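Inspection log for the structure reproduced underneath, given as structure tokens.
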Amino acid sequence: MTINIGVIGTGAIGREHIRRCSTVLQNARVVALNDINRDNCQQIVDELTPEARIYDNAIDLINDPQVNAVLVTSWGPTHEAFVLACIEAGKAVFCEKPLAVTAQGCMNIVEAEIKAGRQLVQVGFMRPYDSGYRALKAVIDSGEIGEPLMLHCAHRNPEVGDSYTTDMAITDTLIHELDVLRWLLNDDYASVQVIFPRKTRKASSHLRDPQIVLLETTKGARIDVEIFVNCEYGYDIQCEVVGESGIARLPEPVSVQLRSAAKLSTTILTDWKKRFIDAYDVELQAFINNVISGEMTGPSAWDGYAAAVAADACVAAQTSGGIVPVTMPARPAFYR
Amino acid sequence: MTINIGVIGTGAIGREHIRRCSTVLQNARVVALNDINRDNCQQIVDELTPEARIYDNAIDLINDPQVNAVLVTSWGPTHEAFVLACIEAGKAVFCEKPLAVTAQGCMNIVEAEIKAGRQLVQVGFMRPYDSGYRALKAVIDSGEIGEPLMLHCAHRNPEVGDSYTTDMAITDTLIHELDVLRWLLNDDYASVQVIFPRKTRKASSHLRDPQIVLLETTKGARIDVEIFVNCEYGYDIQCEVVGESGIARLPEPVSVQLRSAAKLSTTILTDWKKRFIDAYDVELQAFINNVISGEMTGPSAWDGYAAAVAADACVAAQTSGGIVPVTMPARPAFYR
Amino acid sequence: MTINIGVIGTGAIGREHIRRCSTVLQNARVVALNDINRDNCQQIVDELTPEARIYDNAIDLINDPQVNAVLVTSWGPTHEAFVLACIEAGKAVFCEKPLAVTAQGCMNIVEAEIKAGRQLVQVGFMRPYDSGYRALKAVIDSGEIGEPLMLHCAHRNPEVGDSYTTDMAITDTLIHELDVLRWLLNDDYASVQVIFPRKTRKASSHLRDPQIVLLETTKGARIDVEIFVNCEYGYDIQCEVVGESGIARLPEPVSVQLRSAAKLSTTILTDWKKRFIDAYDVELQAFINNVISGEMTGPSAWDGYAAAVAADACVAAQTSGGIVPVTMPARPAFYR
Amino acid sequence: MTINIGVIGTGAIGREHIRRCSTVLQNARVVALNDINRDNCQQIVDELTPEARIYDNAIDLINDPQVNAVLVTSWGPTHEAFVLACIEAGKAVFCEKPLAVTAQGCMNIVEAEIKAGRQLVQVGFMRPYDSGYRALKAVIDSGEIGEPLMLHCAHRNPEVGDSYTTDMAITDTLIHELDVLRWLLNDDYASVQVIFPRKTRKASSHLRDPQIVLLETTKGARIDVEIFVNCEYGYDIQCEVVGESGIARLPEPVSVQLRSAAKLSTTILTDWKKRFIDAYDVELQAFINNVISGEMTGPSAWDGYAAAVAADACVAAQTSGGIVPVTMPARPAFYR
């Protein structure tokens, strides 16, 4: 069975997903394209999907009976409306992060989905599909290290552009940890605190970099995440889970080991796109498989909402300097 | 474009390749099956390929115009005839190792292919498709460690059954190194020697285990391969390339790092099937892509022949105890 | 030149230092012993130092003209008085931690030493003598990783007895980090905060374990130290320094690398006494050398005072849950 | 108790040992010096051992009743005569390698020592005193990896001068492995073979570099040692012991782990003097302790002889290209 996919937003990420459907994944074909710039769509048609139809209007694409499922990879502020339209049309939708630009927007989607009576939304958090994080979760779930008590994490980029602002350390960078750590621990956040260490001289004048975010979970686990987006040396994701009887650590990416010039070394990636490159494939194939099976797995609208609420608390904590509670309603039975 | 594949031999390996075509790879569908045991085919049809047709005769399968390409995964001694029939029929064929059970049989295929005027054969050596070996080759080819002078390799299995014989250390085990190291170094073997260390008490009474194979290449590089098939501790593949200015080492498989019970550890695999699990997918997708593009890449009939000649020399060296030259005709221009 | 050493307190640590002087170190001989239990002294004389004289009174030992330098390894609450007596007598004194049981007691020693006009006191913090910490400091001081911005540290014991209380996580355990990190960074503490993660089920009912201590330095570096004294898996000391352009990490102790039973592993120590075993030798030899040269180096009375002030702030932060400033007078010129 | 040491040969190595006695080790004092260049002795007296007496004749030094033990650190060809004179005088002697420049010379010493009726000679092989090799031997002796079957070793220098000749790869470089591996395995050599890989372009025109030496032990273990003295990247000693149920590997030297410039790295030494720097101290202290206890441990004259015989066989194998037996009389009961 091959499902027909419509894609809204054909920028860099949209294009990558279209390439995946065309050349890597099974059982999917891109048949419909929409972008605020029609030329972008035409270029995709010319290069990747000769049989895809171009729609001037995203809602028309969503409602075309030929389209079985939708990828929303447009500009963030448009996500909420498109996802709601997909739910309205009863179509499965894969929405790149953010699900909505506010927690309330995410909640609107949650409520629409509950009203629709079945899960249709998968949010584009790819780390739960990374083989390293999956292996780490398998160790935790096996009980081999006992109950998780502390997590020491880091999210480091070699550098960021001048347009990167202090709050983007939360909304663009930490957002991945906010999602994947909930999944890893099967837990929710209770409170957050943000600490600003001495600033690196490599950062823009307006940017506070690095930052340390302290998270407390409802089970009492404590998480520290170092966010350091001008670390110079590489793109480096670290996650160490300290349990009652042992510690498990996210694997480093595979690298040839080199003895050269008085160093025994492995390579650290510098391009973030390569760090989780396989996970993107697995993620989108999972969505396709979900559409075929009719059962949504993976990051849900509720997960998108939970990440948004936690991110809001972190941004508030950046400003207040204090400990900010993370307040959410109980998880609806619908999402269990 | 989707190619129609016929599979000859539906035992364990054949079944795995069929599963791959059905659930992992792009652009291929299994439409024809043959096995000396028809029930095996029926089971595949029931479980994986409801639309595939069962052939009582492999040659009929090969000659069916509906079949675009053939996978030969039958019993080794039948490979040569089936591959020759595919060449005769002008069809691309992926043949699991061995290409033929004698070097002469491989040469027969080489000659038939040359006569046919285009490459149709891909041999099922998967290591050149392993991301670790590819990364290692990239380092060598970059010149970063200078010219390769020595390789230190190991091929270790936790244990083998009683039916495993001393020569199988060459024909079943070392054969993978014989292929991948030629590819890694872009070189050929000049001579071989086999050394028998003190035998492990874990081996069958008739089996000499471990063994060390010493290979000399035409460029003068020296390779030592430890073959140890009752090493107990795991399935472990090592490859270290010593160049003029540095050393590059094949990456260990990815593993969570654990601190537990007074050990800092990573996991060593014990099941050989998991060690190159991704490489099998890449290998077969490459074959499919080759069929579509009409241009064969990857291990060729010539590579199958070269591995067979080297293996014969190693088996002779096991018996003689001396240094045995590896004698091959020059590589035909057809395979350059 | 050989210096004559008097030892006050011949319990486990005192005995170890006496053994060191007798069998490992150069240029020192233990000639005088005092302990509240005279039998302990006699046993030392019988086994290690046949020529040493036993004193019933520590002050007499200090004042004996034959004694060139004193080791204070008695019960903590007695340290202050004995060190003050040594200063009064103009004798070099090596005092095991704590220098005094209160910050004020340390300050009394500082003031006495300043009044005496020359440094006589070395405090028994051994980590600055550990080759790993010294290598780490060398990397930092080289500028290779830029200015230190963050430190991620851990101090883990496999288990502690029931008498270990929550504040001892600071005064007995963290105290080593409080000393060594000031030295490593050449910096002082500005504020502290203590976080209590979910408690491990392995800890005594009255003990909060693990704990995370957050330290801010006067230069703005941020330090997190995980203290986990029932971690089960080993005695493990971690220290990672995140600088502006790179990260340096304290070496793991040397260990044979083992491939065995499906694990690639190195050993983690379980006995804290082995972790810095060489550092104790280096530390005490340094004291002896200092006595001979007449110039004190190493942890000074001021360093003992600074550690005590920081420890007091941490204990206060355990109770208050808030951020507690570390308030100290400026470092006297005498100690620069 | 302090022993009085006489040193014959005050060049670089002699001077280092004198410094050790004066500033690092316990219970020894250098009281007598001899060198063919009297000025060298005077310089030592001026700088390190003001009370030492200078002898114009080595034999006089050996025979001076004031001298309890002798260090022979003169030019290799003089060693045999000086060691024989020490045995004649009944004095313990520490002789730097080589014990004698021929195997027969070593045998002369063995015979003299047996005739004298007690062990007096310790040969200056320091690797058995290295903490890494000792840890490796402890693992082997524990039975944790079963019986040793194969050893994979490497001895690499970054570069050598033009005066370094092909046979020096055996007599100057491999000689350390020839000694330490006998000790590690508690075994003797049965045969040797030398293989010459493709030559590195970094080596002198007259030097064959790298070389691979294959050793067979009397128990049947097989050892391969890569000798590569112009490897460019560092001074690197590797030793991996493959046993029946596991593999143990010599630890890498301690190093800070660095994340910097897209590399995760540790440092490889380039200066051979630093690789076993601690072992030299332990080795000489062991000699001093042996003199005091009256019982020789460590590398004996017999061990010096065995290394010399094996080295001769290796040099013969360099020329012949074949397998050369290592022929030795049975170990005399005297050395068990």
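As written, the chain order gives the labels A, B, C and D, with residue 1 at the start of each chain.
Note that contacts are C-beta pairs under 8 Å (C-beta built on N, C-alpha and C of every residue); 3 or more make two chains touch, one makes a residue touch a chain.
Treat the numbers as computed from the prediction; the structure is a model and nothing was measured.
Peer 1: If I compare contact pairs by residue number, which of A-C, A-D or A-B overlaps with B-C on over half of them?
Peer 2: Going through A-C, A-D or A-B one by one, only A-D repeats the B-C interface.
Peer 1: When the contacting C-beta pairs are counted for C-D and for A-D, which pair yields the higher total?
Peer 2: Higher contact count goes to C-D.
Peer 1: CA centre of chain B versus CA centre of chain D: separation in Å?
Peer 2: That gives a centre separation of 45 Å.
Peer 1: Distance-wise, how many Å sit between the C-alpha centres of chain C and chain D, to the nearest whole number?
Peer 2: The mean C-alpha positions of chain C and chain D differ by 38 Å.
Peer 1: As a quick test, compute the distance in whole Å between the mean CA positions of chain A and chain D.
Peer 2: Computed value for the inter-centroid distance: 59 Å.
Peer 1: Enumerate the residues of chain A that touch no fewer than two other chains.
Peer 2: 232-233, 245-247, 259-261
Peer 1: In their shared complex, at which residues does chain A touch chain C?
Peer 2: Those in contact with chain C are residues 146-147, 149-150, 152, 195, 197-202, 210, 212, 214, 219-222, 224, 226, 228, 231-233, 242, 244-247.
Peer 1: Would you pull the chain A residues touching chain B in the complex into a rising list?
Peer 2: Residues 23-26, 131-132, 135-136, 138-139, 144-145, 245-251, 254-261 of chain A touch chain B in their complex.
Peer 1: Please output the residues of chain B touching chain C within their complex, sorted ascending.
Peer 2: 232-234, 236, 252, 259-270
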